[in-house]
Structure formats: C-alpha cells, structure tokens
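Two complexes follow with chain A in common, the first pairing it with chain B and the second with chain C.
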Partner chain A sequence: MASYKMHLLVCGGTGCRASESAKIVEELSVEIKRVGLENDAQVLTTGCFGFCEKGPIVKVVPDNTFYTQVKPGDCKEIIEEHILKGRKVKRLLYEDPTTKEHIEDSKHMQFYQKQIRIALRNCGFIDPENIDEYIARDGYSALAKVLGEYTPQQTIDIIKKSGLRGRGGGGFPTGLKWEIASKNKADQKYVVCNADEGDPGAFMDRSILEGDPHSIIEAMAICGYSIGATKGIIYIRAEYPLAISRLKVAGRQCRAYGLLGKDIMGTGFDFELELRYGAGAFVCGEETALIRSMEGFRGEPTVKPPFPAEKGYMGKPTNVNNVETFANVPAIILKGADWFSSIGTEKSKGTKVFALAGKINNVGLIEVPMGITLREVIYEIGGGIKGGKKFKAVQTGGPSGGCLTEKHLDVPIDYDNLIAAGSMMGSGGMIVMDEDDCMVAVAKFYLEFTVEESCGKCAPCRVGNKRLHENLEKICNGRGTTEDVEYLKNLGKVIKDTALCGLGQTSPNPVLSTIEHFYDEYLAHVTERRCPAGQCKALKLYTIIADKCTGCTACVRACPVAAITGEKRQPHVIDAEKCIRCGACFDKCKFSAIHVQ
Partner chain B sequence: MNKIKSIDDLRKMKKDLEFGMNIREKSNSPESLVQIRVAMATCGIASGAREVMNAMIEKIEKDKIPAVVTQGGCMGYCYAEPTVEVKVPGKDPVVFGYVSPKVAVEILEKYVLNGELIEGIIPTNYQSINQ
Partner chain C sequence: MGAFKIQECHLKSIAEICTYYKNDPGDLIKILYSVQKELGFLPEDVQREVARILKISVARVYGVVSFYSFFTMTPKGKYPISVCMGTACYVRGAEKIVDELKEQLKIKVGGVTEDGKFSLDCLRCVGACGLAPVMLIGEKVYGRLEPSLIKDILDSYE
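And then the complex of A and B:
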C-alpha cells in the first residue's frame, strides 16, 4: 500500500455533489498526477461535513485545512500551492463571520468547536463506499463484540444503561423498546429502520445514510441479535437516491464479506437486509403508518396498542428505530454505557444532530451534546444572526414543535426541557428566525404543511387543521378578530386531545406556542391591522410622502386598480381602501416617495 | 473479496487496514501529538525538503512515533533550508535548520523521543504552529 502523506477529503454529500464535487475529485486527481505526487497525496470522497451551505468542501489532512466553495477551476491552485509548496490557498479558507479572519485549521472553527460527533463520527471522515475504511475505524467490531461476548439480554442491558432515547422525535428509551420486542415470542421478528425523514428542512438521517451507511447496517444487525430477528428492513424515501445507492453498495459489500447473510462471522447468527421505498408522505414516518405502507396498504396510522413491538410488520413483533438512534448503537457497544451516559443531561444522554437553518450565519448539520444551550448553538456554532439582525425565535421539532424565544436562550436543550418550554426535540430541525419574520405567518406556514400531509383518516386532524389554517389566513389578511385568536387556541387544544396519531396530536403546536409567546403580534394583526414584522402583504399600508412626491404620475400609471389620484405636479394620495398592496407604485417611484408599513 | 469467517478474521483485517487511516486519525487530535512542520516553499523544496519529509514520515511509521507531519510555507529562514519546526506537546516549538534526511531521523530519535537537544536549532521568536 502506498504510504500517503496527505489525504484530500472531498465532500460527496447531496449538497456538495449538486455543486460539482464529483468533478472536483476528478480534477484534483488529474492535477496531483501532473505534479507527480500521486504517491504522496490521495483524493477521497466522503460524506457530508455538515457545512453544506458553503460547499463544496475539500478538507486536507493532516493539517486540517478546510476549503469552502471550491470550484473545479480551483483544483490546480490547491495542488500547486498547497500540496506541492505547502502554502494554503487563503481565498478558499473559511472566513469567520465576526472577525473576518481566514481560518487555517478547521479545529479553530467555532462551527466545530462545541460539537461532539458520535452519530456523525464517520461522516466527512471515511469513504462511505469503501467498507474497508469503515472496518479500519472499528466498523463491525461492535457486532463482533456482541456476537462473541454478550448474550442478547446483556446487549439490551448495555443499551438500557446508556440511557439512549429515540432520535426520531418521541424520545422513547431504546433499550426498553428492544427489551419489549425481545420478550414477545414469534417465529419471525423484524428490525425496521425509519429513514422516512419528513420534517421539512431536516436532513440528518440522509447525511448519516450517505456518509456512513455501514453504521446503520451494523446497528440493525446488533438489534436483530438482541431481539431475535433475522430480517431487517430500511424504509427510506425514494427522494433520497444517493442514500439509497450508498446503502445498496454497502449491502453488497457486506454480503461479499459475509457480514450479512447466514452464519455471520461463524457465530451462527443470520441477518438479512432489505430496502423499501416510501413515496415521501410525512405521515408515513409515523411507525404504524410506515408499517402499513410496507405491507402495501395506504400509509395510514393505526390505533396503538397494539404497538409494533407486539404486532408490527406482517403482524409480527417489529422494532422500529430512527436512523440516528441506530447510528449511536455501535459506538455505545464499543465504548460502553458509562461513556455514553457521561455525555448529556440527567434524563437525556449523548448527543443530538440538528439541522441548523434560517437566519443564521453558519447554516448546517451539527451534532452537539444534550444540555447545550440555544445561545451556544446560535451564537457560537451558528455564528450569530445573519446581517446583524435581532434574534426573535427558533422553531424546534418542525411542524410538530413550537417556537422558543429570547427567554429560552439559556435553557439546556434536552427532551424534557423542550417539552416544558412548549416545544419538542422532534427529529432535529432548528429554524432560526429574526425580527423580520412574522410569527403568525410562521404558524400558517407549518399548518399549510400539516393540512397538506394529513392522511385524512380522523376528523380532528382532517377538518380541524384546515379550520386552523383558514383562520390564520384570515388574520394574515387583516380580517381577523380577537375572537379568532381565542378560537385558534380552543380548537388547537381539541385537536391535540382527539387526533388519532402523532401528526394531529402535535400539529397545533406551532399555533399554540406562537400565540403564547407572541400574543402581542397576533393582537397587532387583529386590532390594529398591522403586521409588526412587515411581512404580511395584506397588512402593508402604502402611503405617499407629500414632501418627496413631485407629481410625476408614474405611480398613477403603474397602479393596476387606479387607487392613486392627484393633480399633475402636485403630491398624490393612495386610497387605502382600493389599494391591493401589490407594490407596483413603490417599484416605479424614482423619488422614494412611497412609504410602506 | 475474502469472506470474514470468524471474529478473529475481522480483528486481523482491522489491524491490516488501520494503517491507511493513520493520517486521518492523527489529524483528529493533533494537539496531543508531536507536530512537525517541514517548510516546503520553493526554497525548501530546492534544498531537499521533500526528502526530509519522506525520511521523517518513514521513521514515524516504522517506530510508531506519536507524531504528525505537515508541510508549511516558507518560514523565512531561506538561508538555513531545509527547515523543520517541531512542537512537542507542552513545550515551546523549536526550529531546526540545514536538516538533511539523516539529521531528520536524528531529530526524531534524540529530540522527540529523548528530549535531548541537538545542534542546528535556530533561536527565534516566530509564529508557531498553534498561534
């Protein structure tokens, strides 16, 4: 084997591939050959570094140089300057949003400093299509350990003791779930990996599957051994073609090595794996709907109990876990329950992956210890609010969660604290909002999503959410009353209490929490017909500043509803009743005489 | 591909494969390793810096010395090239000048492993690896 002195890790995640990272791999390899260093430097494709917004990413090790927004045309310079002459290409280095300094070493990037990578341990580190790199990093050693040293019950006990809880949203203790499935006797049991990931804006599961597919296969096999299942199924949305292809490659490699199939590593344990594709309905991420969908029926939830652990896929005991939950398992087996439970808070152990998005400087995928505060996430890892604006709120838990505000900035993030604050962990979406975001509009956005995604099986969700949405629309359009706000509150509570599945039970959360934390903003909409953030178009008030108006009549001609009148060369006026808030006058005026608000 | 027929097979395989990941593993925790930086600008390369770097890496791999070698740009001691900066954890960095492959190995054996100073140290106050 050649003894390389440098590795150039090129991100091959969905984000970076969309901006030609495959071409960068090619170009780098060509350039390295050209300068004759093909035995010194090796180019590799890895999974996502979490810094997709500034992709494509190229990281050079061992000096930890982190190049962002690399273009194929930059490759020549990288090789000639950095690899050949040891001079980093400054203009491609990450620039700190506050100090504006170019950071030479990714260890010094605030984005990475507070992160602890367990679930993402191999993402951006190994080539996900090369099983040998996974094995070199202790891959399949955890499976070997449980097969060789532990009984199924001992394995379950380790997971229980670690305190691992489900990362798919609910936070149910994973070890306990496995134990229930293991105690149910049946001729066949199933391990299912939930890779449906329907929360808008979330992409942690996709990144794990793309960047480290073997960790999921290994964990599913460990789960299979623990509960007595020989079959595993990954339910993945068909919109994740790259993750699917990486899983297929990984599966083939495992079969060739005998890590899937009969008598794995000569221990007598059999395990097979299959992929099932979902059509991308949000409700199919709910475990009972997911099982129905796998069985070939409509993806509608069923009443629990019976829980999947008793009667799941094909009526057999089935253990459903989320991708990220599984990704933690091999690490726990190898490093021990005590190690894992030393990270996090009293009731939430380990780390959580979040997809940080919205009005924030460093958008990306992060893995942080439970118990970190929102302030640390937003201002340190996230580099603060974009454009120096003021922080307003952050939505966690996607359409099932709620918003947290300024006063929650120092609350340690864990399952229980988020629920106490009126939100939830959810799958890990984290959308940051600034002063320009209207909270009524935010609630309306999420309701639009749930109305669209409701399966329609039960009335509270099917009809109730629609009513909530109509009401929010009315308020945003300036036709709402204070009674409407009360109505939202009451109806929201009824839906929560009566809906059949988790979708309906949580869908009013964005409305209820914005009413709770931003009641004034709702009031401004319904009593003053004013949108404080200036976002609700219908509530914008267009007026003409008489001092600035020259009476050129350009606006009169632009207005499609003839709402503007006045004498030539005299200041004009806008009839607010007729005005449809299209903004045409604003765009036309050369004298900045149109005032909006 | 050969099947992995036993748990021992997997262990053996991991041992053989580990080597390829070495530089990446090391980059994960450079602060706990001896950090060695070879000046690789034009002046350095012309006076044999690449051979020095290769010699050091070979020695480190052979003797499993907990050190990581990176290349740096010109450090401004062109008269003394090839130059090598060595930072042992907990100590101030030291720069060696006129390093040949032979001296490079000596630096590792004497200075890095035994803490003995050898000739050729350039007394300086310059920008170091961690600043």
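And then the complex of A and C:
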C-alpha cells in the first residue's frame, strides 16, 4: 500500500454493496478531505471480509478496528473521532454476543480466531481493481518462480505433493489432473476455470473473484505452463456482473504489465485469457456440460471417458478447475507443498471456504482448516443458532449433498468423513437449520431445484427426480403413506446408480440423507398427518387459545377468507374448514393467542 | 408473443452483434446474451434471425434459449423483481415474500403486471446470504425483508 498512515477498508462485496457500501466510500472520502487528512488516510474498496451478517464493514488499519453495520451517516463521526482524534467509535465496534464487550481489534473476534485464510488471503486486504496492491502482497511472484525455476513437471509435482484436491465438489487430486492433461499431446490445450457457481446458498467463488481476481489469473497461467496450454478460459455466470467487471479490469492490467500475452516475463511462455458467460444452468458446473456450453450448445454432459484431459474444449485436452482450487495454487508455490500439507487431515489437505448461512448468528464466508468440527464452525465461528433456538441440522454440498445432524457435530470435516456421513463437501455451502425447519420440506426444496435444473438428457434424472419430487409433495400435503417413503428410498438408489453425470448421481442425496437421519419426521407426516416443525402448510391446524384471546379482532381483519368469527372482546374461533393456513392471523396476533399445530 | 414485430433497427443490431462475434456459432451464448441486453428478450423472430445469420438451425438456437434460465422469450416488466430462492433465503422465509408479492401484484411467478410495470421471478442465490431473505428490483438489492415491508417498497416505484 502507498505511504498513507491509515487506510479505511470498505467491503465492496455484493452483500455490503447492497447496503450502500459504495456511498460509504464516497462519504468517507469527502469527510477526509473536509478535515484535511487526504495525505494521511486513504479509503479503499476491497473484497469481502466474510462477516456478511454485520455488513457493511469498514476496517481501519493498521489498528485493525472493525466497524460493523456502518451507515453513510456514520462516516462523519468515524473520520472526526477516530481518524482525526484517535478515539474509536465505540457504538460501531463489534459487540461480542456473550461478553457484551466491544471488541477493538478484529484479531480478537471469535469469528476470525479459528480461521486460516489461504484462498481468501487477499480478500478484504487489497483493492481488487489495482494490480499493484496484488503485486505488493507477493502477487505474480509464484508465476515468476515457476517460469524461472521449475520445469512443468516440477510444478506439477509440487501441487501433487501438497495434496490439494478439487474444491468444486468432487475432491479429485489437482496435481494428478494436471499431470494427465500434461501427458496428452496436442497442438492446442486449454485451461478452464469453472466459475459457474450455481449451488444455491454458496458464494465463495464469487467473493474470491470479486475480492482477488488476480490470484485466479496467476494460477491459471501457472497451470497453463504446467500442462502446456497457452489459452485460458474463465467460464463465469452472467449473473455475476461485478465479478465479471473485476476480471476484465484485472485482465487489462495484466496485459499492460506483460503478465498475459506473448513471451511473459521474457521466458517465451505465452498465455491468453478469455471470458465465457454461463447463462444460469446448474448442470454446467459439471465439467463436460460446461465444455459443451462453452462451445455454444445446450449444457448437456457427455459420457466419460473420454475425460476432458483427453478430449475437452473443441476436442482438445482441457484442464478444468474450480475458482477456489486455483486460488490456493500461488500460495502453495510460494510457501511450498510441505507447508500446505501440514494443514488439514490425512487425506484432505489445506483449508476449505464455506459459505455459512441459514439460522445462524454470524452469516458469512469463512475459511477453516480441514478437520475442524461442525461444533467449532457453528458455535465458535458462527456464534450459535439464531434466536437461541435448537440446532437441528446442517446441509452441506447443496442439492447434491445431505444433512448432518447433532451426532455429527464432533466429526472432523473433510472430504471422506462427509461422504461417510451421507453428505459431501460440495462447493462449500453450509446451511444451518433449526427446530422450525421441516426436513421433508427441505428435501422437497432441493428436489424442486434438481427437477428444474435437470438437463433432460438421461431418463433416471429427468423422470426419476420428478417422481421423487411428486412423492415428497404428496407427503408434505398430508396424503403420503409409509409405502411412499419406501418408494423414495428405492427410487433414490436407482437414480444414484443409473444417472449419467455427477449431478444426477447425487441428486437423491438430500432425500436419502433426510430419510436416514430424520425418519421419525417422515413418519409423523405420513402416519399422524403432522409436521413436527410446523412448517408444512397443509398439515397445520390453527386454533385460538380462548384464555389468551382478548377479542381485539385484529385476526378477523387479517384473515383473507373470513374463517375467523367471534364477538368483540370475546374469544374468537377459527373455522378449520374455511382456513387456508396462510398464517396471517398468527402474524397479526399480539397476544400469542393463535396456536399452530 | 404476437405483439412483437421485428423492426429494421432490430435486424440491424442483431446483424452487428453477430458480425462482432464473427458469425461464429461457438459464440452463440455470448451473441444471445448481447441481443437480449439490447432488446430485453428473445422472441421467436429474433431467434430465427440469429439462426439465419449464423447458418445454424432455429432448433439449435431455441434449444439454447430454452435451456438457460438467463434467457427469456417474454418481455419483463419495467421494474423486474427477482426473489432469491437460494437455500439461505429459503430457510429465512423467502416463500412468504413471494406470497406477499403475488398478493400485492396480483400476478404469478413468471408473470408481468397488466400495466407492464412489474414482473416477478425467482432466482437462485444472488450471493447476499447475510441479508437473507433478499430480492432484487432491477439491480437494486433489498435485504432482510419481511412481508410487511413489501407494500412500501413497491409503492416507492412510480
């Protein structure tokens, strides 16, 4: 960073931008000028800090002050008090939920204490639109090291030795993938970055691309050198306009610095980069489907083998890696394979970025060492369940994954343990659910997604998932039987065994894993016609508790179907026949007199 | 779709976009992306025109348009509303937001209001899970929504 004494880092991630972080940057700059400190303090827009729950975030360095939920109107006070007079604005500091203490230094926040940031190393530290800041944090020195000191095979060996595995879901060893692509001879090879993040509730790739685009470009060039490819393509969702624009800026800067194009750093290595847009199809996260899509077709997967490393984009050997996988590469090259493999568990090395969301206090993006337990993630980093409710399950792996329950809280998280527990790592979505979430409805939610996103090429996925969904709908509507639950189990297994691609083979997981862990809940739906979480509308029964009802008639006015009757100041009653179970009366009642069963 | 008549100016911009991508069918998705940005949607006539220029079948163009959720064959409202249906928003009550919008706008998901002002869609994760539940109106993100806030937000669009 330049020679300023102080820097005010403002989060420019999508979440914080939605809460006017751009305006905060503007206001802070205006205020700094107003007090005449423009040569001492600088305002920067950075990538995501990860602590999205309390956004927008303003961090002041070097003293690591972490201001949360800053509003444009707070800027004047921050500048006048903190920057000018050196007094921190206490009311904006993060308050520890248990000790109620205002934490002055972000290093002491529990949210960050257990995190190790490798893939996110630059997110929230540098201005993603300024290549010099990336270079100041050792950017492009990994590429220089590789081009100057290592042969392609030596580079591959380092990645192999580090134990890095694909972060997109499958967990295939990255070094091995590179080696296979490097051994296939062709006049042209391709490096592809899979940035088609389609898993609902996961936003790590977007945050890396928005916060540290250069790390991806550097890693792709390193990969290109290793496998003998001169062309790189980033396949990115068109729905990520900010990430696209930052990548474009980064690409332009690289060309100006000679880090992309012909004869990079005078070593004779050529590498060009291109962007391709995905247009919203989940299946395109599967590498063969992604390649079809890049060629301008419907994104339908093809049968493997041949693998992309043999015949990929335009029939040429192609290496596809996910964004987060690439983000680890420069760090491994610089710090060495031994350093990387010292973190994590025996078979899963390094860290994993998770998007922690759902019913949890600290929603955000976290990067933790492999082998951490769910308990540490949920209760220490995540700050526990929202509203003091009871923890029920964590869904990992998105629509291809499953649920982990209380009994898995102390299982070390890595690729193999998650699979053994009936879920998977997936891209890293981690959705926390509490006692109010119905697991049958959650399974239905995921199946709805899969049905919509199935490409339709193979029957098990196209037809089978539709049947699964219909069955779940039947159960949620109170018309299911125990046979239906058995049917779900059998059909789920058939789909797993027979579907063409990774998407189809994993699509029944949400159903199978909820049946396994929450069989009682399924039974309650089909035998007692009861939804234990009280979420399935058709199974709800609204009644008025006569003792608590004051007869204020608020519910009568709220009811859209006139199902509630009663005299003023007398207890009212709900006609169960007329009731459409919309819950409007429940939301309106100030006296908690509406009972839901 | 009958209301849309392809105009000379549309043909011109389609041709320009195709030329920019060297009439390469490999860039079909990028071409459709640019055309949709220009015209707002991709009705049948437009798809026919793209197919003609690129010398590929209309079926292939339609196949791509119908495959990807980003492409639409019907026009959106002046203020397109998209409610995030990602898992994080779902568990924090996105369904109730959709119900409220349907009620207020008197349209279904995928529909457009009679005056063409609003259209309602669901999308999968805008990546602002910290603000769940979230909706977008145009490019503006509204977070930490509750059904009771919807009316005022809609009223603010004149």
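The rule is simple: the second predicted complex is superposed on the first by the 542 of 597 C-alpha atoms of A that agree within 3 Å, B and C clash if a C-alpha of one lies under 4 Å from a C-alpha of the other, contacts with A are read in each partner's own complex, and residues count from 1 in each chain.
Here, a residue touches a chain if its C-beta (ideal position, glycine included) is under 8 Å from a C-beta of that chain, and two chains touch if they have at least 3 such contacts.
Nothing here was measured: the structure is a model prediction, and the numbers come from that model.
Peer 1: First (chain B), second (chain C), both or neither: which does A:265 touch?
Peer 2: The answer is first: A:265 touches chain B but not chain C.
Peer 1: Of the two partner chains, chain B (first) and chain C (second), which one does A:364 touch, if any: first, second, both, or neither?
Peer 2: A:364: touches chain C, not chain B.
Peer 1: Using the superposition on chain A described above, determine whether A:334 touches chain B (first), chain C (second), both, or neither.
Peer 2: neither
Peer 1: Output check: A:18 vs chain B and chain C. Expected answer is one of first, second, both, neither. What do you get?
Peer 2: Touch status of A:18: second partner only.
Peer 1: Is A:136 in contact with chain B, with chain C, with both, or with neither (first, second, both, neither)?
Peer 2: first
Peer 1: Would you mind checking which one, chain B or chain C, touches more residues on chain A?
Peer 2: C
Peer 1: Should A:580 be classified as contacting the first partner (chain B), the second (chain C), both, or neither?
Peer 2: So A:580 meets neither chain B nor chain C here.
Peer 1: Following superposition on chain A, which residues of chain A contact chain B and also contact chain C?
Peer 2: In chain A, nothing is touched by chain B and also by chain C.
Peer 1: Please output the residues of chain A touching chain C within their complex, sorted ascending.
Peer 2: Interface residues on chain A, with respect to chain C: 14-15, 17-19, 52-55, 198-203, 206-207, 238-241, 276-282, 293, 295-299, 355, 357-359, 363-364, 395, 398, 429, 431, 433, 437, 442, 445-446, 449, 455, 582, 587.
Peer 1: Which residues, counting only chain A, touch chain B once they are in their complex?
Peer 2: The touching residues are 1, 3-7, 9, 61-64, 84-88, 107, 125-126, 132-133, 135-138, 140-141, 144, 147-148, 253, 256-259, 265-267.
Peer 1: In the complex formed with chain A, which residues of chain C make contact?
Peer 2: 24-30, 32-33, 60, 63-64, 67-71, 85-88, 90-92, 99, 123-132, 134, 139-143, 147
Peer 1: Would you mind writing out the residues of chain B in touch with chain A in their complex?
Peer 2: Residues of chain B touching chain A: 1-7, 9-11, 13-14, 17-21, 23-24, 26-27, 30-31, 38-42, 44-45, 53-54, 57-58, 61, 68-73.
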